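Next up, some structures in C-alpha cells.
Both complexes below contain chain A, partnered by chain B and then by chain C.
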Partner chain A sequence: MSGEPILSVRDLERHYPITRGLFRREVGRVRAVDGVSFDLERGETLALVGESGCGKSTAARTLVGLEDPTGGTVRFDGADVTTADGRVATDFRRRVGMVFQDPDSSFNPRMPVGEAVGEPLRIHGMRDEQRERAIVTELLELVGLSASHYDRYPHEFSGGQKQRLALARALVLDPEVVVADEPVSALDRRVQDDVLDLMADLQERFDLSILFISHDVDVVRSFCDRVAVMYLGELVERGPVETVFEEPAHPYTRALLGSVPALDPGDRGELVTLTGEVGDPADPPTGCRFHPRCPAVIPPPEYDLPREEWRALLDLRFAVADAADADEDPRTGDRSLREAHGVPAPLSDPDAEAVLERALTDVEDGATERGARRLAEAFTTVCEAEVPPEIDVDDRPVTCHRHDDRGD
Partner chain B sequence: MPAPEDPPETAAFQRVDWDDLENRWYRPRLRTVLFLCWLAGIGGLYLYDRYYAHVYLVGEWKVSLLDWLFLLSLAVFVSYVLVPAARNRERTLGYWRRLRRDRPALIASAYVAVFVLVGLVGPLVTGDARIRFEHQFQPPIGFTSDASLVHDCLGTAADGRCGWSLQYPLGTDVRGHDVLALSVLGARVALYVSMITATVVVPIALGVGVVAGYVGGRVDDLAMAYVDVQQFVPAILLYLLFKVYFGRSLFLLVVAFGLLSWGGIARLVRSETLQRREEGYVLAARSAGAGRLYVVRKHLLPNVSSTVVPAVAHLIPVLVLTEAGIAFLGLGETGLNSWGMTIAHGLDETWAAPLDQWWVSLVPAVFLTTTVAAFKLAGDGLRDALDPRGDR
Partner chain C sequence: MTEPLLSVSNLRTQFRTDRETVRAVDGVDFDVFRGETLAIVGESGSGKTVACESITRLLEEPPAELVDGEVVFDGVDLTTLPEATLREIRGNRIAHVFQNPQRSLSPVYTVGEQLVEAMAIHDVASGTAARERAVGLLDRVGIPRPSVRVDEYPHQFSGGMRQRVAIAIALAAEPDLLVADEPTTALDVTVQAQLLDLLTDLQETLELAVILVTHDFRVVAELADRVVVMYDGKVMERGSVGDVFDGPAHPYTQALFGGEDVADRRVDDADDTAPTVGCRFHRECPHAIPDCRRGDQPPLRPTGTGQRAACVYYDESHDSSVVRARRLEREVTSDER
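Presenting the complex of A and B:
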C-alpha cells in the first residue's frame, strides 16, 4: 500500500440537461452529481453512503466512464482517465471491475452464465475458448460455485448466486479496483453476510480496493474502512467509519444513522429521524442543500429560540413561501398554520413572536405574498444564505456551518 | 463460507498477459463470409444474365427481377439464420427441445417447412400450368362434376356426372389447369411474398429500432416521427400508384409492402432497446470496454428476438393475405397464379356456377387459411422456444 491513492476523484460533476421542444432547448439541469471529491486508497474499502436519489450510483457510473462527466477529473493510478481513450482507457477498463445492484438484470437471460463471466476476456481480445473456459471455471469455484454451472442460464440461479457470478465477472480481468453499486441491497440479510464475507475474502486474496456504494448504514459499518456521506449530489462528510459513525459531525450523517432501525433502541441516546424527501436535484436548495430538512439548522443571532421551535418556524416559512409562489392559500383543512407545522404559541422569543403574528395576519387577510416576504426578511439562516465551506473536524472534511465560526 | 481449500498461488486470470491479447484485428464470421460469397455469386449471375445469356439463364428459366430479389433474401436467410443455427448446434438443439414440447407449434412449424419446400421445389415438378380446354372441370378425387360442363371426362362418366381421375387429383378449372399445379404455383407466390418482405422488413426494423432506442435524443425523435408519418401511408395505395405507372407486378407489390410495413416492428424494437440498454449486463459489458456495436450484437439483438419473431410471424400472413386479396380483385400481376387469383377464377360465373366448380376456389382457400394460421402459431411457438427461461 503505497502512499498514492489508486483512484482519485476531484470535483466530479454529472449534470443532465432538461430539454424541451423540437430543438431540444436546454431549460434546466439535473445536478445528479455536483462536485464530488474523494480518494480511494490502495487496499481499502471506501463507502459512498446516502439515501436513494442522492446521486451515489450516478457518481459510481460516471467515475467508471459509463456516463460522461460534465466536469471534474478522475485519476487512476496517477493517470487522468476522465476523457481518456485508446490505451489508457482500455487499461482503466480492465483494471476496474464493476458489480451492479439488481442481480436479476445483471445477466443476459439468453447467455449461459459461463459465457457472461468470460465476456470481459473476449472484449479484451481473448480468442482462445479453452483458455477462457479454464479461467472462468476456476473463478466460478473461487466464488463458491462449481464448473458444472458454466452452461446454465441466469434464471436457474438465486439472487445470492447471481451476485457471486457478478463478482466473478468483475474479477475476470484481474482488476485492482472493484466498484460495487449496492451489491447486497437486493438480498436477504443472511445471504448479504455470505456475499460480504466472500467479497472480503476476495479483497484480501487479490489486493482489491473497493468502492462500496450503499444506503445501508449497517452494512457499511460492518464492511468498510472509510465512508463518504453524500447528500443531493454533494459530499457532506468523509472519514473513517468508526469516527464518522460514532461522532457524526454533520447533522445529515446523524439523521442517516438515526433512520436505521437499531436492534437495541437503547444504544443511541439521541435519535433523530429524517422527514421529507431528498430535494429536487434539478432545483437544489441554496446554501447548504440539507437546510430544508436539517434538524440542527442555525437560527439567526438576534433571536433566542430552541432548536425545535426554529426548525418548525422555518418549515412554516417555507410552506408560506411555496404557497405564495403557487398563488394558493397555505392553510389546508381546518388546522391553523401554527398547528400544522408544530410552531408553539407563543414562541419563546417575543420579537420573533411579533413578526410571526404580523405575517400570519397577512396570510389571514389573503396577502400571502406580503406574509411570505415578512417571514423571509426576519427569519433568515446562514444555512440558506451561504454554501458551507469544507472544514476539517478532527481531521475529517465536513461541510456544515455548525463547524465554522458562525455556528453555535 | 464456501471458500476453496488450498487454492493455487495465483489464479489463472492473474496469469494472463493482457498486452499479448490485444492484437485483435477483425476476423469476419463464417456467416458474413458466406453471405458475401453468395452476394458476389448472385451479382455475377445477374451480370451474366444481363449481358451474356439471352432470354433464358438456365434451361427455360427466365429470371425476373423478383427472382433476383428472392435469391437475395434466400442468401440473407441461409447466412444469418440457418448457418448460425448449424454452427451453434447445442443451442439449436435446446430450441428444438423446447419447440417439441409445444405440439401445435410443432405441427405449424412442420407445415411452414413443407410450405417453403413446396414453394421452392414444387413448380419445378409441376411445371407451368398449361391450358388444356379439353380437360376442363375434372372433379377432385372422391367427387363428380356435371358432365355437361366437361369436354373429355377422364374418369368414369355415369348419370350425367363425370367421375374423378388420378391425372388431376385436385381437379381442373375452366381452362383445364390442374388445380394441384395452380396451388403449388400459388405457394411459390406466397413464399416469395413472405420471404422477400420479411428480409426487407426485419433488417430495416431492427436497424431503425435499435439505432433510435440506443442513440436516443434527436435521432430517436426523428425516426419515430418518420414512422408515424409512414404509418399513415397505406402500402396498397402506393402499390396502386405504382400500378398506374409501371403496370401490375408482384415485384412492385412486394417492394411497396416491404418498404412501408416495418414501422410497427421498428417501434417495438425501439422500446425493447430502450428498456434493455440500462440493464446490468449491458452496463457490465460497457464498463469492461465493449463498444456500441458489441452491445447491440451480443445483448440487444438476441433479446429483441422475442418481440421480433412473433411480430414478423404475424406480419407475414397479413401480407400473404393482402397479396391474395389484391390478386382476387384482379389487380395483381397478370398470369401469376396466385392463390387469390385462382379463388377468383373458381368464383367466376361466366362458364359455370361456382358450386359446380367449388374445388377450384376451395382448395387454394384452404391452403391460404392453413398457411396464415400456421405462420401465426409457429411464430408464437418459436418465440417461446428461443427463450431459455422456457426450460424450467
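Presenting the complex of A and C:
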C-alpha cells in the first residue's frame, strides 16, 4: 500500500437546481451532496453509510462521473478527474468499475450475459471477439459461474448470480477501484454472505480498492475497513469501522446504530428512536443539520435541563414555529402541546418553565406567532446557530459541537 | 390453555401455470393466540407471504388455489366461507399491513377520507364522529399535526409516515388480528425503530394478535413471542422466540443465523429448485444423511429444548446431538469473534 490515496474527494458538491416558470428561473437548490471529503486508500474498503435520501448514491455517481459535480474536486491516482475529458476521462472510466443495487436494471434482458459482461471491452475498443470471449469466460469462472452461462439470458439467473455477473462486468476492464452501490441489499441474507465472500476474494486477487455504499450496518461491519457516515448531504463522522461502531462520536451515528434491533429477544425495548423526520435537502436546517432531531442537542448555558427535557422542549418549540409559519393551530387532537411532545409539567428549571408557560398562554390566546417568538428567543442552541467545525476525535474527523469547546 | 384466535392446519396453496404447478405453501400449521405476536420467518420464496394471504384469501384465484387445509378463525373455518362473508372479516376483524403501504392506500383520496370510509364500511363510526376518530387514529400512530394532515393525500407523506397511515387504516375497524407483512422492510433503520416502537405499543394497549411476516431476525427478536421458520413451503421449526434464539434446532434455522459451513453448499441457482422428496433443505444441509432424502418433510418433532423442528435428527432413531453439537460450536466461535 503506497502512501497516496487512490481516490481523493474534496468538498464534493452535487446540487440540483429547482426551477420555475418559462425561463426556468432558479428558485432554489436541492443540496443532495453538499461538501463531502474523504480519501479511499489503496486496497481498502471504505463504506459510505447513511439512510435513503442522504446523498450517498448521488455522491458515488458524481465521483465516478455519471453526474457532473457542481463543486469540489475528485483526484484519481494523483490526477484531477473532476471535469476531465478525452484520454484522462476514458482512462479514469476504465480504471473504476461500478456495481449497482438492482441487477435487473443494469442488464439488457435481450442480451446474453456473456456479451453484457464483455460490453465494456467493446466500448473501450476491443474488436477481437475470441479474445473477448476468453476474457469473459475466465471472469465468469472467477465469480463462481461457468463458461456454459455465457450464452444465457439474465432472467435465467437468480438475484445472487446476477450480482456475480455485475461484478464480472465491473472487473472486465481490470479496474483498480470498484464503486459498489448497495450491491447486496436486494438479496437474502445467505446470498449476501456469498456475494460478500466473493467480493473479498476478488478484492485480494485484483488488488482492488472498494467504495461500498450501504445503508446496512451489519453488512458494513462485516465487510468494510473504514466508514464515512452521511446525513443530509454531509459527512458527520469517519474512521475505522471498529472505532466508529464501538464508540460512535457523532450523535447521528449513535442513533443509526442504536436503531438497529439487537439479535437477542432479551434486549428488546432498547431501541434508540429519533423524533421528527429527515430534513429537506432543498432547505436544510441551519447549523448542524441533525440538530432538529439530535438526542444530544446542546442546551443554552442559562438553563439547567436534563437531556430528554431539553430535546422535548425544542421539539415543542419547532412545532409551534412550524404552525406559526403555516398559520395553523399547533395543538393536535385532544392532547395538549406538552403531552404531544412529552414535555414534563413543570420543567425541572423554573426559569425555563416560566417562559414556556407564557408561550403556551400565547398559543391558547391564538397568538401563536408571539408564542413562537418567545420560545425561539429563550430556547436557543449552538447546534442551530453555528455550523460545527470538523474536529479530530481520536484521529477521526467528527462534525459535532459536543466535541468542540461549545459542548461539554 | 385458551383456544387460539386463529388456527391454521395443513394449509396448502399452489400456483398453477400452463407449464407447472408450484406448491408455494405445502402443509403448514400454526396457531395465533389473542394478544401475541407470531413471526413467520423465511427467505424470499419460502411461502411466508402466500401463507398469510391465504388466511383471508387475498390471493388472486386462479392462478392461486387453496388446495387443502383449515383456517379456523374464532371458531369459524374461513376456507369454507363465501367471498361476501369473507370480505366482512377481512379488514373488519383481520387487517393487513403490507411492505408497500401504497397497497392499502388510494392515491386519489385524502387519508381522512380513507379512514372514514374504512370506519363506515365496518360500521365503526360515521359523520363527524368518524372524522374525529380519524384524527385520533393518526395521532395514535404518531402522525404530527393530525388535524391538519388528515386532509392531505398519501403522496404528501414520507415512506415511514405513509406506513403509519396504513397502520391507522388497518386499525380503523378495530380488528382482532393484524397481519403485518414485512411492514418495516422498505424503511430506513431509524424509521423502522420508530415503527417497531409503535407496533409494540399498539399491541400492548389494544391487545392485538399480530402475525408478523419478515426475513429479519432482528425484527423478530424485537417484536415476536413465537416464531415459525418456513422454507420452500414447509415449516422447518416452530417455538417460542426465546427457545429458537437460544438454540436454533433445525439446520436451516442455524443457517439463517449465519452458519458459514452451510453457505458453501448453497444452491444459488434460479433453475435449480429445492427437492420435493425428503427434507426440502437436504441439499444445502451440512448434516444431510441418506434418511434426509427419503419420504416427505419430517414432521415437527419436539427437540427437547422447547421448540419443534422438522428434521430427522430429532426422531428416536437418530442422534440429535449431531445437529446440536455443531450449533454450540458455532456459538462459541461467534462469541470469540
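We take it that the second predicted complex is superposed on the first by the 397 of 408 C-alpha atoms of A that agree within 3 Å, B and C clash if a C-alpha of one lies under 4 Å from a C-alpha of the other, contacts with A are read in each partner's own complex, and residues count from 1 in each chain.
By definition in this document, a contact is a pair of C-beta atoms (placed from the backbone, for glycine too) under 8 Å apart; a residue touches a chain by one contact, two chains touch by 3 or more.
Note that the structure is predicted; figures quoted are calculated from it, not measured.
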Fit or clash - chain C, chain B, common chain A: fit
Chain A-centred angle between chain C and chain B, computed on Cα centres after superposition, in steps of 10 °: 80
Contacts of A:171 with chain B and chain C, given as first, second, both or neither: first
Which superposed partner A:307 touches (first chain B, second chain C, both, neither): neither
Touching partner for A:197 - first (chain B), second (chain C), both, neither: both
Touched partner set for A:323, first chain B, second chain C, both or neither: second
Contacts of A:119 with chain B and chain C, given as first, second, both or neither: first
Touched partner set for A:108, first chain B, second chain C, both or neither: first
First (chain B), second (chain C), both or neither touched by A:157: second
Partner chain(s) touched by A:20 [first = chain B, second = chain C, both, neither]: neither
Shortest CA-CA distance between chain B and chain C [superposed frame, angstrom]: 5
Residues of chain A at both interfaces, chain B in one complex, chain C in the other: 194, 197
Complex contact set, residues of chain C against chain A: 43-44, 135-136, 139, 144-148, 158-161, 188-194, 196-197, 200, 215, 217-224, 241-242, 245, 255-256, 258, 260, 262-263, 266, 268-271
Parts of chain B lying in touch with chain A, wherever the complex brings them together: 1-4, 7, 11-14, 16, 18, 21-24, 27, 217-218, 221, 279-281, 283-290, 294, 298-299, 302-303, 386-389, 391-392
Residue ranges of chain A touching chain C (in the complex, touch as defined): 51-52, 156-158, 160-161, 188-191, 193-194, 197, 215, 217, 255-256, 258-269, 271-274, 276-278, 319, 322-323, 326, 328-330, 332-335, 340
Chain A to chain B touching residues, read off their complex: 22, 24, 61, 64-66, 89-90, 93-94, 96-98, 100-102, 105-111, 116, 119-121, 123-127, 131, 134-135, 138-139, 141-142, 144, 153, 155, 166, 169-174, 194, 197-198, 201, 205-206
